[in-house]
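What follows is one structure encoded as structure tokens, with my remarks underneath.
By written order: A, B, C and D. Residues from 1 in each chain.
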Amino acid sequence: MSALEVLSFTPTPDQYAWTFGGAAPLARIRPGTVLRVFTEDCYAGHVRSEKDLVSDVCNFPFLNPQTGPFYIEGAEVGDTVAVHFIDIEPARDWAASTTLPLFGALTATHLTALLDEPLPEIVWIWELDRKARTCIFRAHSGDFTTALPLEPFHGTVGVAPANLEVRSALVPDAFGGNMDTPEMRAGTTCYLGVNVEGALLSLGDGHARQGEGETCGVAVECAMNTVIAVDLIKGRPCPWPRIESETHIISTGSARPLEDAFRIAQVDLVHWLAEDYGLETMDAYQLVTQGVLSPLANVCDTNYTSVAKFPKKYLPKVEAMRGADAKLRSIAAEYRRMHP
Amino acid sequence: MSALEVLSFTPTPDQYAWTFGGAAPLARIRPGTVLRVFTEDCYAGHVRSEKDLVSDVCNFPFLNPQTGPFYIEGAEVGDTVAVHFIDIEPARDWAASTTLPLFGALTATHLTALLDEPLPEIVWIWELDRKARTCIFRAHSGDFTTALPLEPFHGTVGVAPANLEVRSALVPDAFGGNMDTPEMRAGTTCYLGVNVEGALLSLGDGHARQGEGETCGVAVECAMNTVIAVDLIKGRPCPWPRIESETHIISTGSARPLEDAFRIAQVDLVHWLAEDYGLETMDAYQLVTQGVLSPLANVCDTNYTSVAKFPKKYLPKVEAMRGADAKLRSIAAEYRRMHP
Amino acid sequence: MSALEVLSFTPTPDQYAWTFGGAAPLARIRPGTVLRVFTEDCYAGHVRSEKDLVSDVCNFPFLNPQTGPFYIEGAEVGDTVAVHFIDIEPARDWAASTTLPLFGALTATHLTALLDEPLPEIVWIWELDRKARTCIFRAHSGDFTTALPLEPFHGTVGVAPANLEVRSALVPDAFGGNMDTPEMRAGTTCYLGVNVEGALLSLGDGHARQGEGETCGVAVECAMNTVIAVDLIKGRPCPWPRIESETHIISTGSARPLEDAFRIAQVDLVHWLAEDYGLETMDAYQLVTQGVLSPLANVCDTNYTSVAKFPKKYLPKVEAMRGADAKLRSIAAEYRRMHP
Amino acid sequence: MSALEVLSFTPTPDQYAWTFGGAAPLARIRPGTVLRVFTEDCYAGHVRSEKDLVSDVCNFPFLNPQTGPFYIEGAEVGDTVAVHFIDIEPARDWAASTTLPLFGALTATHLTALLDEPLPEIVWIWELDRKARTCIFRAHSGDFTTALPLEPFHGTVGVAPANLEVRSALVPDAFGGNMDTPEMRAGTTCYLGVNVEGALLSLGDGHARQGEGETCGVAVECAMNTVIAVDLIKGRPCPWPRIESETHIISTGSARPLEDAFRIAQVDLVHWLAEDYGLETMDAYQLVTQGVLSPLANVCDTNYTSVAKFPKKYLPKVEAMRGADAKLRSIAAEYRRMHP
């Protein structure tokens, strides 16, 4: 039996990656490796109080720092990287959300360009009660306060893009990136098709929690201590990011307008049912129509992200994506035995 | 104590309404009335086997028959009708879903007009096991079968539109109509702003179940026996349909592109938190961003429908929409006592 | 030789139609008739100075009054009405444009719902110099003034919709309506598919001129004295409004998002080249790709309108739409001889 | 008086740039330089007959080769590069257009993902009659042939993007790139905001002609011999590509959905009228509304491109963009005197 390879990595600020593609690998890892990483928040740690407006304290385009990229040995175009999230835990007892001029779903933006005045720029500091597993909201106006569940996930995880491109870490697309889906939580496995040798995996943008759609454009943003296990599926492509949990298979699509993001995710789910579960395409279309859950991920980023989620219990009992999720769960179990 | 008024109504085929607006009222009811109605399926009952293609057996535009309209006494522009769904129960032990040429989210349509060949037209008959509360899918190709939960709801409920319009029962818009959201289930209250005297409430399009987005354009379509209680909120407008359950408040938006439907629902939820829960607008924007659930309703109809859903337990303890939901729940309880 | 039938009609304010469909015919006409009509401006004549804000002086939903409907004898579903614009002439020496809260392409609207403050409401009165054929703009701020060409057209022309619907005169769709394309000028013939017996033709919304897209939502709005000749093409349907000029054939599409409006118009043009000019579909697709002009019509109304325009001189010499344009031009010539 | 600097450059195939950003400069030039370049067609010259299907003969992602980049001395973030097209002339007497699976406006694509079968892949070879200035179309089916005007332009011109990105040469965005607007013809000046030191200007994708919208996704694609003059406007940013001709100022926007591309271009034009022509914003909004021409550029690429075009003759007599167009016209005149 092979020993578990565990690599810990906390980047220094000069080591952050700001893009997918175009950054030199921080380290090379073998499939099966467990990575323990620190990820800084999307502000690169510069927003620390309600006086720290993003437009004052952040240095564009140095937003959304990624930890990585990690070069995965043996990864080639046509393979798929599988990333299992073993643990995602806030590194601080507070997190910050903000509004930003010309950003967010309910205001004029650089792309939905209007003549209206932008909304005001505001910071909310959320207290994280890690014992009670809550995020505490305090209204700026009045004394209303409420505690929402702490439900941490990574807004951003991805590999280098295809087509010779280098994309900002703020962008979600076929390579993954800034999808901002709350489905990317501990206990799930994310599948990312490989576009360049070594895949070049990075992650960041921890969210203590977020509603579906990330309406104002910014979640409860938090540095994270995260543990992932990484595997490689040789010779099996994955056209758009997929996620697998113990209970669901999940396709994602990122595009504009939002109906195109929806179409991508739903078509991918139909094809996935055909590929791995043996359904004929039109039967899969019908079954998806009646059984899919379609929570939105983000409706604020460069591309919008829509999610298509199907319960495994209603499907044939097969191992999807060549059983990568099960294999990574066993690595996660072994890791937990070693690091209780 | 006033006696409960209960009105039963089963329309004859010549009594169906095919539009919102433009149809003469079937009956006048007082606020507080309980209505027991039969609603035919969206095919007007013409699809009865897998040989009954919609384009053969249905008679356009006579699709999606509505039971109604009901004239609500005292309803005027600027009021809101509240409809509590006491019970929604399939009237048959089978239901039908279909594909239709030039309809559905994953194919060229009359509006997303392309030169591609349309998909084939197919009918799936689903068996409904009302005791086991399941809907049984049988694949056309191969022998795969699976049972999804029976989760009945009304795809269509609405009032006469504003602006002197008459709209097909296939359309969702500010007046309600064909929103196709699985949130419209028994136990919820739907709020609809009144646009004409008497409001002219109709409902139909029962679905034994449906995924979020109604991907192929057609749910598990079924005739229903439904019981609703109807109330009127005087002097309180409701710009877009809202839903309230025991646990959530829910805003809806119907438009194209899908991001506009999302924006409408999210803006309405922000305004609702401001109106009824006392939050300042930017605080409400922040709280919605972190706490909202955004399941899609339909991405196939004339307008797409997006839903914004917020858990009541994280909000101040107030009665939204002047307490109409609580009042209707007590009518529902009384009705159940009388009709156990 | 038959005498030309000429009918003059100036509606009284209580005779305006505010919808397509749902209004009783003002008159019955035979195919071949020349109609001389007055159309009031979109404000129903209530905006007369820069102090007359629409939200003060207009009475919603009584906007965009139409002259009509006219019942065309013999018109049945599956036929097409052909309307040739012989003359469109401003009835006044001034016209008004405005901004309106929550309306226009460059601001938040009821559908592109945002939290931003709406833009200010402003009226601009344009002087029309009918001799010089100019429209004179005077800036509110500063003393800049400029004269744009007077290029009058009808923003709205249509027939009763299909599907049992009644639509506001502010809506463009397959029945025509508020398309707001500057192509609807004197000298062109508009083709509209018949959806109900008698077709029920109306027109209005005269514009002294307008840019492509009607960016702020409101053109240089003006009452018009207009002369049209109306014909009927039996047994030939027309799925979306088409226009023919001496030099071009023009398809239109009205939908959201704007790419769907584009797709509708371009697909219709490809099919038109196949139907009337004998090109195979893929060849027509190629020829349209290289030769089409695609000026936008409106990007502000309930549906956006896109236009696809192809020069006749590059096509086989055939008579499109069964030669209706040529026939109506000869009626126009005869009318001009009689009314020099 | 300074002598004109003229640099000629014909890239070898290994020198093509396939991206904006990420490629090393081919040469450094001073502002005021005239560049004479050869650009290969979008197929990198691999489609030479109607048997050469793109999916057979081209090597993805090596499509749309650019000639460049050229490092412009002194160019810094916040400056604008001005590129005047002196001459754009087909380098061959034929050009090729094609359909491609999952590409084009009237078919399912990777983003408008559907279950429909893709359209067939076809090549059309167009003959270019450079004396008669025509492009000759021959239908595949039947014997129809027609000659459209030869109206050459560059589909692609741009600089390195902002935000540390490298984008495929198939993408249009704020840095320019694959806008595919027929407005980019000889005699116009294109303005591109500088995002990185040296700007890194490239161009390619010559089109012998193209309709507005590039409906099937591919124009009449042709290698070009092109002459441009390049200048630098110091300290004046340009947020989206602009074009100036002798008669018009033109703004462009590239985004999805198409209405966002429209909004960007129209907002930019409004701001341009404010910046250079002294109009107050709401007055500019009104004037643009009534005077703008809005021809579409492409509705097929990664982002769609919309154009907003205003006639100079209706504006105050000022020199826009600090008079760069006039200066470059004088360089062009001098070049023509030297190279008659």
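Just so it is clear, a contact is a pair of C-beta atoms (placed from the backbone, for glycine too) under 8 Å apart; a residue touches a chain by one contact, two chains touch by 3 or more.
On a predicted model such as this, the values are computed, not experimentally measured, just so you know.
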Set of chains adjacent to chain A and to chain D: B, C
Chain separated most widely from chain B, comparing mean CA positions: D
Chain A and chain B, separation of their C-alpha mean positions in angstrom: 33
For chain A paired with chain C, centre-to-centre distance based on mean C-alpha positions, whole Å: 48
Where chain B and chain C are represented by their mean Cα positions, the distance between them in whole Å: 35
Residues of chain C engaged with two or more neighbouring chains: 106, 112-115, 119, 256-257, 263, 267, 270, 285
Touching residues on chain B, where the partner in the complex is chain C: 18-19, 21-22, 61, 110-115, 162-168, 170, 253, 255-257, 260, 263-264, 266-268, 270, 281, 285
List of chain C residues in touch with chain D within their complex: 97, 99, 105-106, 119-120, 122, 124, 126, 135, 137, 139-142, 144, 146-148, 209-220, 256-259, 262-263, 266-267, 270, 278-280, 282-283, 285-296, 299, 304, 306, 308, 314-316
Chain C to chain A touching residues, read off their complex: 106-108, 112-119, 257
